[in-house]
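See the structures that follow.
Two complexes are shown next, each including chain A; its partner changes from chain B in the first to chain C in the second.
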Partner chain A sequence: MSGSENRLRGSFTRLASWDGAVILVAVVALVVAAAAVDGFGTSNNVTFMVLDLLPIALLALPMTLIIVTGEIDLSVASTLGLTSAVMGSLWNSGMAIETIIPLCVLLGAVLGAVNGVFVTVFRLPSLAVTIGTLALFRGLALVVLGESAVADFPVVFTTWVTGTVADTAIPNVLLPLLLLAAVFTVVLHATPVGRAVFAAGAGEQAARFSGVRVDRLKFWLFVASGAVAGLAGVLWTLRYSSARADNGLGLELAVVAAVLLGGVSIFGGRGTMPGVLAGVLLLATLQNALRLEDVTNEALNIVTGALLIVSVLLPNISRSVRTAAQRRRLRRTPIPQPATPPAP
Partner chain B sequence: MSTVRTRPAGSAASSSGSSGRNPLAAVLRARELGIVVALAILVAYTTIANPRFLSAQSVRDILLGASILAVLAVGQTIVIVTRNIDLSVGSVLGLTAFAVGTVVQDNPGLPLPFALLLGMAIGGVCGMVNAVLVRYGQVPALVVTLGTLYMFRGVTYLWAGGQQITADELPRSFLSFANETLLGVPWLVLIALLVTVAAGVLLRNYRVGRELYAMGSNPEAAMLAGISVGRNLLGAFTVSGALAGLAGVLFAIRFGTIDAAAGTGDELEVVAAAVVGGVAVFGGSGTVWGAALGALLLTVIGNSLAVLDINQFWQNAIVGALILFAIGVDRLVAARTARALKKRNSHVR
Partner chain C sequence: MTRQDATPLLEVRDVAKSFSAVAAVRGCSFPLYPGEVHALVGENGAGKSTIVKMLAGVHQPDTGTLLVSGEEAAFAGPADAKAAGIAVIYQEPTLFPDLSVAENIAMGRQPRGRFGAIDRGRVRREAAELFSRLGVRIDPERPARGLSIADQQIVEIAKAIGGSASVLIMDEPTAALSAVEVERLFAVVRTLRDEGAAVLFISHRFEEITELCERVTIMRDGAHVSTDLVRDLTVDEMVRRMVGRDLDALFPKQDVEPGAVVLEVEDLSREGVFRDVSFTVRAGEIVALAGLVGSGRSEVVQAVFGVDGRDSGAVRVNGKRVRPGDPRSAMAAGMALVPEDRRQQGLVMDLSIQRNVTLPRAGALARLGLLGGGGERREAGRWTERLRTRYGRLTDPVGTLSGGNQQKVVLAKWLSTSPRVLIVDEPTRGIDVGTKAEVHRLMSTLAAEGVAVLMVSSELPEVLGMADRVLVMREGRIAADIPRPRATEESIMFAAMGQEANT
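Right, the complex of A and B next:
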C-alpha cells in the first residue's frame, strides 16, 4: 500500500523535476507561438523549423548518452564539417552518391573511434581530447576542400531532404530523426546498456565493480556519436546543397546547451531523453518564433544563454528552498525529550 | 613535503620541491622546457627556409598576436587550476573591445591607461557574473560560462547591430600605442609579460595561489583544510574576466577595426594554448608560464605556416594534433612520476 503510494509520489516528483518542466514549457511555448505569432503555424514554417532543428537534434541524441556517462564530445560539429568536405570531394571525383553516403557515415564512426581510443585506451580527459579533435577534424576538412564549395549534388537527393511527405507539412527528414530518437530513447531508458550508462555516470568505480565494462561502453558511445555526426553532415550538405569545410562551425556548443537545457547533469549520472528532446524543441520554437517577430538572430543568443543557466539554477534554488523549509518544519516540531529544558 | 610529493606532476612547486638540491635538474625537468625546445626548433627551421621570418615586422606581428592570446591564457589558467573552466572569455573580449572602442571614439582625449582600466573593469564585472553564478548558484562552471558565452555575445550584437568601429574613427594616439615601444619591446608585449609574471608569482609564491592549486587537486580536501573556496573562486573568475577585458582593449588597439563578432571562437583557442602549455584540464597542475608559452607556440605555428608557404589550412589540423600530443605526453609523465614516487616511498618505509 505504502509502496504504491511512494511510487505515485515518485512519479509526481519526476514530473515536477526539471525535465518534466522543460517538456511542459516546450509545449506551452509551441502553443503560445502558434496562437500569437503570425506565420508560425503555416506548413512552410513548420517544415523550416524542423529542418533547422534537425542537426542539433541529431547530434544531441548520442551527446546525451555521452554526457550522462560523465564525458563530453566537443568534436561533433567538426566531424560534421569533415564529413561534408569529404562528401564534396568524393562527389567531385565522380563516385556515385549511393556509395558516398554510407562511406560518410562510416567515416564519422571512424572519427568517433579516434576520440574513443584517446579517452578509453590512453585514459585522457574527453574534454581535452575532443577540443583537440575539434581543431584536428576541422583542419582536415579545410585541407580536403579548402575554401571551395561543391554544390551540384543530384537534385533527387537534395529535394528529398528539403521536401515533405506527400502533401503534408511533415518534412521527410523528420522520419529518420524520429527513428533515431526512438532508438536512443529505448537504449537509454529500457536496456541494460542504458542502465550501464547511468551507472558509469553515477560512479565509475562502482559501475566497474558491478561488472559494467565502462571503457568498452564509452568507446562505442563515441563511435555512435561520430556516426550520427557523419549522418548529420550528409543531411546538412544535401539540405543546403553545398559541401563546405566550415559547415556546422560552432554547432558543438549549441548541442551541449540543448542537452543541458534538457536537464542532463554535466557531471553525469542524471538526465532523460524526453527532456533533451523537449530542450531541443524549446530552443527551436523560441528561435523560430522570435525570428518571425523580427528579433535578430544574435539577440537570440541572450535567450539561449539565459535559458541554459536558468535550467540549472532554478532546480538548485528550489532544492535549497525545500531544504530550508524542511529544516524549519523540523525545528517547529516539538521534540519529545527532554521534557523540560535543562536548568542552566 | 608529503603534500608536494603526492601531486602527480607539472606544477612549479612539485618540480622545484622534489629537486631543490639541483636547480639545473629542475629546469631540465620543467614541463615548459618542452615547449621552448619545440619553439626553438620551429623558429630555426622556418628561418633557415625563409630568413624573412625573423624580420622585424614579422617578429612584431607574432609577438603582438601572442600577447593578446597569452593574456587570455593566463586568466584561463588561473581558473583551470581550480578545476573550473571559463568559456566566456571570447565573448568578454568582444564586448569590452566594442565598449572601450565606443568610449574612446566619443572621448578622443581619454588617456590610454584609463582605457585599459575601463576594459579590465568591464571584463571584471562580466567575470563576477560568472563567479556569482558558480559560487552562489552552485551551477557548474562549464554550464555558466557556456551560457554567458552566448549572453555576452548577444549583448554585444544588440548594442552594435551591424555597425563596426573602423580605425579612422579611433584617435591616433589610441592606435599608435600598438607601435610604441620601450627599449625596443612593444608595449603590448610588455603588458602581457607583466600580467604573466604577476600571475606566475601569485600562483607560485603566495598563499592564495597555492590554495587555488589545492582546490583543483582535491576540492573536498581543500574545503576541509579551511581554504575559503568560495572567496577564491570569486577571485579566480573575476581575474579571468578582467584579463579578458584587458585583452579586449589590446585587441582594439592592435586591429583598430571592431565589430560585434570580435573574438568569436577564441575560447577554444585559449583553452588549447593552456593545455599545450601543460595545464591539466581537471585542475591542480600547470603554470601560467606554460600557458603563455603555449599561446606563443600556437601563434608561431600559424605564422610559420604562412612563411613556409604550406597550405594555411593545415594550421587547425596541426594545432589539434599538438593538443592531443601534449595531453598524451603529460599523461605519460604523470603516470611515470606516480610510479616512481610509489617506489621511492615504499623503499623508505
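Right, the complex of A and C next:
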C-alpha cells in the first residue's frame, strides 16, 4: 500500500470524525450568522466577539491537554477571579503594573501547582480536587478584595486590551491568543510531550511502562493551566478595567463545554486542538448571535448546557454504533485465541 | 477408608472443553467417592481451572458427561451445580465484609420468621451449629471483615455445607495460608470427609497432597495422565507425570560465550512481595526466571525496571546504578521491559501502531523538539518490518491486531531503543506457535549480538529451551540458580515447590 494512499485515507477519516464535523459546523454557523443576524458582521461586533471568546479560548488550551490525559481542571475560573482580585489589591497598594502582571501569571501557576500536588502526590481525583479549589480560590478572592472593585488601571493598558490593530477590526489581544494557540497545538500534536499526553490518557499504565513520567506530566499541565488562567485574569481585569472577586464566575462551564464540543473525549485519550478551537468559535458565534437577537443570559446558559450534553452524548453514541458494527463483523470471523488456556 | 465399591458422588467422564481452537481439557475422567479427598494436580495451564469451572457450572463441557450419584447431569449454570450439591471454595473467598459471619453463611437461603422477616435467631443458631460440627471456634456474630483468609475459607465451607453440599471443590485453598492455618483447614476438611462428603483438592504442594488425599488425578496439557491412590505413588513419580513431555524443536538456542556482567541486581526487597533477590545477567546470556504463578517474578522485574518501587537493594547496568522507581533512568541505562500484561502494560490499545512503537523514543526522534515529517513513521515501519508484523496501516489502532502481532509491536517498540538489557515477561503467552518460534529466534539472535536477556516464563519447555541459566523463585525469594546442563523440568519444579531434588 502506497504512502499517498495512506495519507488520503487518513484525511478522509479525519473529515468524517467529530472534530472535522465541528470545524465544518463552526464555519457554517459563522456564515449563517453573518448573513442572517443583523449587526453580526460589523467590525465592532467582530472585535467584541473576539474579546468575549478570549478568556474561554485561553483557558480551553491547557484544559484540552488536561482532559486528554484523563483529568480535569474545574478551578480555572476561580483562579482567574483570585488573580483579578490580587491584581486589584496590589494595584491599590501602589505596585507598578509592569511588576503586577508577571506576578499574577506566577500566582496562577502556583495555584495550578496546588491542584497538581493534590492530584499527583496525594493521588486524589482531579474532579474532586478542582471542585474544592474552585470554591477555595473564589473564597480567597473575596477575602482579598471583598465586595469592592478596583477600577483605575492605567489607560495605556486597558485601551491596548480593548483596542484593535491599526485601523483593522482585529483586536490586539488576538495576537497573543493566536500565539498561545499555536504553541499549544504544536505541543499537543507534534512534540514528545503531546505523544505522552495521549498515551497517558488512553492507557496510563502502558504509558508508565513506556517511560512516560505521567505524574510529572500531569503536574506541569496543572501548572500551565493555572498560569494561563492567571494571564486570563489579567486580561479580563484590564478589558473591563475592573478587578473584582467575582470576575469570570461560572466560566469553567463554558470552557469545558467548548473543549468537549471540540471532540475531546471526557474519558481522555482523544481530541484535537483544531477541533477545540472550532468548538470555542462555535460557542462564541452562537452566544454572540443569540445576544444580538436579544436572547437573555439565562437562555444563553441553557444553550451552553445543552451543547455540553450533546457534545458528550453524540460522539459516544456514534462510537457505540461503530463498535457494535465492528463486533458483528468480528463474530463472523474467527477470533485469535490464546495458545495456552488460562493458568489455574 | 476409601470406598471403591460405593457409587461416586460425582464422576467426570471423558470430558473435553475447547476455547475456539485451543483445547483446554481433552478426555479427562475421574471419580469423586464419598468420604474421600481427591487431589487434582498439574502445571499452570494443565486445565485444572477449566475442570473446576465445568464442575461449578460456569463452563459446559463440549463432549463427555458429568455424573452426579451415577445419574447423568448437565449444568446450565452455577445454580444447577449448586442444586446438585456441588460447592466451590476459591482461593480468594468472596464474603460480604460488612455482614456478620452468620449472615454470610445464610446468604441466599435465609430462614424466614413471622411476616416474612428474616429469623435472625435461627440464622445465628444454624451458624453456631455448623461451626461446632466442623470443630472450629468462630464467633457467628462478628463481621466477616478482618477474618483471616483461612477463617474466611472455613466460613465459605460452612456456607457450602449449610446449603447441604456433598461435593466440595477447593481450588488452591492453601496458596495464601500459613502452616498453622493449613492444619486448621485440613482438620475441617477431614471432618467433612469423615461425614461422607467428597472433596476435590487442588494444590501445588506435594506434602499437602500426601498428607490429606487418598487419590490423585494428574493432568498435563489439558489431558488426563493418570488417577491413582496417593499411597501408590512417590512424589518423584507425580512430578515426572506432571511435566513429562518432549522438548520440541521450537527453541533455536544459539550457543553464546557470555561476556561481562551487564545487569546486576543486589539484595532487592519489597515488603511482603519479594526479599533479598540478587542475581546477575551477562552480555549474551539468556537467564530465565522460573517459578509458580504468584512467586514474585513479575514483581521483581518490574521493580528492576522501575515501574514499581522497591524498599531496598540496588540495580546496576554496566556498573552504573539505576535510580529506583524511575523507568526513564532504567531506559537511559539501556534497559527494556516487555511486560506480562500486553493489553494494560505493553500497549496503549487505542493508539496507533506507529505511536505505540515510537512512544519510548519520541524524545530521540524529535528534531528541535518537534515530531513530524515522517520520522516516526519510518522508525515504526523499519522495526515492524524487521519483526515481520502483519498489519493494515501503521495508523491503525494497535488493538485491531492479533495477539501475536501485538506482541511483535511491543518487541518492536523496545528493540528500537537498542537495549543492552532486555527483560521479557511471559514473552509468548497467548500467541500462536509460529509466532512463538519467531520470538524465540529473535531472543536468541539478540543474545548472540551481546544483549543480556532476562526472561520470566511459566512454560518450562520455553525455560529449558532458551535459558543458559535458570533462577527459580519461590515465595518471593530466589530458591535455586540452576545452570543449563543441570536444568530439567524436575529440578525446576522441585525448586519451585520447595522440595529437594533427589532424582
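The rule is short, and it goes like this: the second predicted complex is superposed on the first by the 307 of 344 C-alpha atoms of A that agree within 3 Å, B and C clash if a C-alpha of one lies under 4 Å from a C-alpha of the other, contacts with A are read in each partner's own complex, and residues count from 1 in each chain.
Methods note: a contact is a pair of C-beta atoms (placed from the backbone, for glycine too) under 8 Å apart; a residue touches a chain by one contact, two chains touch by 3 or more.
None of these values were measured; they are calculated from a predicted model.
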Touched chain A residues, chain B compared with chain C: B
First (chain B), second (chain C), both or neither touched by A:312: first
Touching partner for A:167 - first (chain B), second (chain C), both, neither: neither
Which of chain B and chain C A:136 touches, first, second, both or neither: first
Contacts of A:299 with chain B and chain C, given as first, second, both or neither: first
Contacts of A:210 with chain B and chain C, given as first, second, both or neither: second
Which superposed partner A:122 touches (first chain B, second chain C, both, neither): first
Which superposed partner A:269 touches (first chain B, second chain C, both, neither): second
Chain A positions touched by chain B in one structure and by chain C in the second: none
Residues of chain A defined as touching chain C within the complex: 1, 6, 9-10, 186, 190-192, 194-196, 198-199, 202-203, 205-213, 269-270, 334-344
Chain B residues touching chain A - in the complex, by the definition given at the top: 85, 87, 133, 137-140, 142-144, 146-155, 157-158, 161, 260, 264-265, 268, 271-272, 275, 281-282, 311, 313-324, 327-328, 331
Parts of chain C lying in touch with chain A, wherever the complex brings them together: 19-22, 24-25, 42, 44-50, 52, 171-172, 202, 222, 293, 307, 326-328, 331, 337, 339, 344-351, 355, 358-360, 362-363, 365-366, 369-372, 392-395, 402-404, 413, 428-433, 436, 458-459
Complex contacts: residues of chain A adjacent to chain B: 74, 118, 122-125, 127-129, 131-140, 142-143, 146, 245, 250, 253, 256-257, 260, 266-267, 296, 298-309, 312-313, 316-317
